[in-house]
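One chain, chain A, appears in both complexes that follow, with chain B as partner in the first and chain C in the second.
Let's look at the complex of A and B:
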């Protein structure tokens, strides 16, 4: 869905909807307690930014997402390289991984709560579990795709595992691993918000649930809109980063095993 | 992950070894039995739930919620995807809006959905449908855009109407894409079914594991997680089988 020459058309429906919504909200029959009013939403959003509550909540969410992502990236790339280098080991460990993978990450929220209590750690651990799989699988596939002659050279030079990893494998596979990371970045934000919505009392998700429970639809929609902007911006930035990466692969389909 | 037949044995041994280590660690109380109850206790709990028939009601509730949300998402996804994929105008008008809404975490619409529909099953299904619609929508739009130009020419030569083009050529042609998207959607639907059960107290496996956690019944918690894992696996396999059956007519790609 790229923007064509007629990119302005994309604005027609949203702008029209907003205008009608605002006009309707001044009529008598309007359910103000569920739909709020575009102007109220704008005011609530602006207030949230000025008093610092929305930036703080955003930071808490992003922090948990990044923390979990970092853990998943380190574990996923490390084990991905090990498994990718040894097809035998992959055959032995693979089925156990395949058995764990269909567990919905959100099912682990109560378990994470039991282990870590409320807070950053439990949220990050669920994020890490969710982000681990795409990174792991893409890394395994990426290592399979490394030119075998490079590995032969590394063997002939009798490089240590660390040297092989950092001098040969990672530089050769990073263009593809990148794709797994990109998928994981979008997952991390989604999972972080989900954990907050379900039960973790911090971040944007919790703030939205709080707004809903105190019957502040304007604040709910303002934060929803902000979250949409955040996700959209993140997506756009990632697309750009991937396309700028030398030798990068454009889509996930290219690297699926 | 392709593996040799003889490696299955090693794979099974590895998995059994992991469980055994866990069992020993838990039995010796080297790891907390509250956080990591031994596999035998989790297994016993699972067997008990199945034997006493306790598991079926929540399992059915989750399955039903997931299925309705997914069916709604698939229907919407194919219709909107077909519109966007086959009409340049629809793409221009709707594309940017959809691009903006798509990266929104589906669980983030829960507060808004509660405002409209309350803490109800309808709310859960609406949220599931919202989250699960994207893979089907995008893949069916892609399938419709990617119709071979020769087939378009055939349709033009046969003077097919737009509707006939869609039903006779576009949908069968896009079916592999649509079904692949539907499988991704199903996984999302299961996740969101669990999320809505936890957040909005709808009966089901998601609510069960949350309640098990609150009362520190960890074997029950693990049993719930295992059942959800099995469910995710089985549902995915079932849809894969349906997909193979529906696509039998297709010549295997070279």
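Let's look at the complex of A and C:
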């Protein structure tokens, strides 16, 4: 991808759309009850930030998304490595995974509500369920893809399970596990907001429903745009974090002369 | 610590107790793999001994079961029948006592660790902590001539240098048996000769027992005290090479005994 001028070119369409939208909003045909003016949206967003309601809701949503994601990552990578290393165990557990995986995660909301009640834990548990599968499946595939010769080396050195996992298998599989984590990041945000919109009285999803019910399309748009930015930011932050993993594949390309 | 009586005793204990002891005894070894076409016999009725400190070369055409034999000796594979004794004990799995140098060095080194880090892996596995570890890594880097590459990653090195790293990592285990699986097969002729001489020198210096697999007849005769020729999963011939060490790339290869062995093995392997 080209940087520089092409980066500026990418802004042409959004800016043009905003300008046209704003111009149109001053004409008589503009449906003001469903399409807010960009200027109103900016004002609503700024007010939400100043009075602290958007930052609070954002924190609640991100907290649930990251909590669920962290649980899914730990479980998914742990069991993914175990299943990836043992074809026999995978044969036993695999069919159960295939049976559970297609269950829509939002269908678990009633069950999660029964188990945890309203609040963070309920939301995070649904997020964790949704994020577990991509991480688990990608980790299993990543471990299958680890160079068998490296596993031979670990065996000859009689490395402990922990040493094998942290010194050989995880660093070798990290590049691919990273793909699963990236998919899971976007899923985590989607599911967290969905749970909030459906029934959990916290976070950005709930806040958007509130704005809709009080007939404030400007506030709905403001939060929607903010959510888009948030997802983009979370993805970028995770990619950065994973690429800084000691022994991450990128670290040795960096030192190449 | 190093001058304490225990230290001396344990370092002596690591040496071969006597010349005649067998480091490895292979008894009526058979290996067969199941395939779609039925069971395929890879090795059949292989028996031999390797004396302590001996340099044994196993030579044979590709597909004759050489690599399978080496994986059995390493304990990475279990035989279908027969047994392998290592210093009198049956081999039941891999052990740090038996190091193995693989042919495909690009796959056997950790690409995310530097040269020093790759060598340190063995020492970490052996439970050797800093600062001892760093010292030993430094010594091995010097021994294998890797001083300039210590902080480079394997992907930045030539094939010969990468294979040096793998050999250094194996030496770091302080093995009693060094297994080498066509270690120089993928290297250019000049590098191969240099490394042949270095391995021969190291084996003599450290009195390590070596089992060296190759498809190169001359390499086998040049390096080995004894050469076993494998053909179609059986031992076709065993010869003892009585050419004195240190051997020399020019003179040894022109020695009448060297040429005689070469003729004999060449003829034998042609039949298979």
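Convention: the second predicted complex is superposed on the first by the 200 of 257 C-alpha atoms of A that agree within 3 Å, B and C clash if a C-alpha of one lies under 4 Å from a C-alpha of the other, contacts with A are read in each partner's own complex, and residues count from 1 in each chain.
The rule is simple: a residue touches a chain if its C-beta (ideal position, glycine included) is under 8 Å from a C-beta of that chain, and two chains touch if they have at least 3 such contacts.
What you see is a predicted model; the values in this text were computed from it and never measured.
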| item | value |
| --- | --- |
| Larger contact residue set on chain A - chain B or chain C | B |
| Partner chain in contact with A:99 - chain B first, chain C second, else both or neither | first |
| First (chain B), second (chain C), both or neither touched by A:78 | neither |
| Touched partner set for A:149, first chain B, second chain C, both or neither | second |
| Touching partner for A:159 - first (chain B), second (chain C), both, neither | second |
| Touching partner for A:194 - first (chain B), second (chain C), both, neither | first |
| First, second, both or neither for A:113, with chain B first and chain C second | first |
| Partner chain in contact with A:171 - chain B first, chain C second, else both or neither | second |
| Intersection of the chain A residues that touch chain B with those that touch chain C | 257 |
| Chain A contact footprint on chain C (complex, rising order) | 74-76, 93-96, 98-100, 102, 104, 107-108, 110-113, 121-122, 124-126, 153, 155-156, 173 |
| Chain C-facing residues of chain A, complex | 147, 149-150, 152-153, 155-159, 163, 167-168, 171-172, 247-249, 251-252, 255-257 |
| In the complex with chain B, residue positions of chain A that touch it | 1, 3-4, 6-7, 9-14, 33-34, 88, 90-100, 102-111, 113-115, 140, 186, 189-190, 193-194, 197-199, 204-205, 208-209, 211-212, 217, 220-221, 224, 227-228, 231-232, 234-235, 257 |
| Contacting residues of chain B [partner chain A, same complex] | 1, 3-4, 7-8, 10-15, 18, 34-35, 84, 88-89, 91-101, 103-112, 114-116, 141, 187, 190-191, 194-195, 198-199, 205-206, 209-210, 212-213, 216, 218, 221-222, 224-225, 228-230, 232-233, 236 |
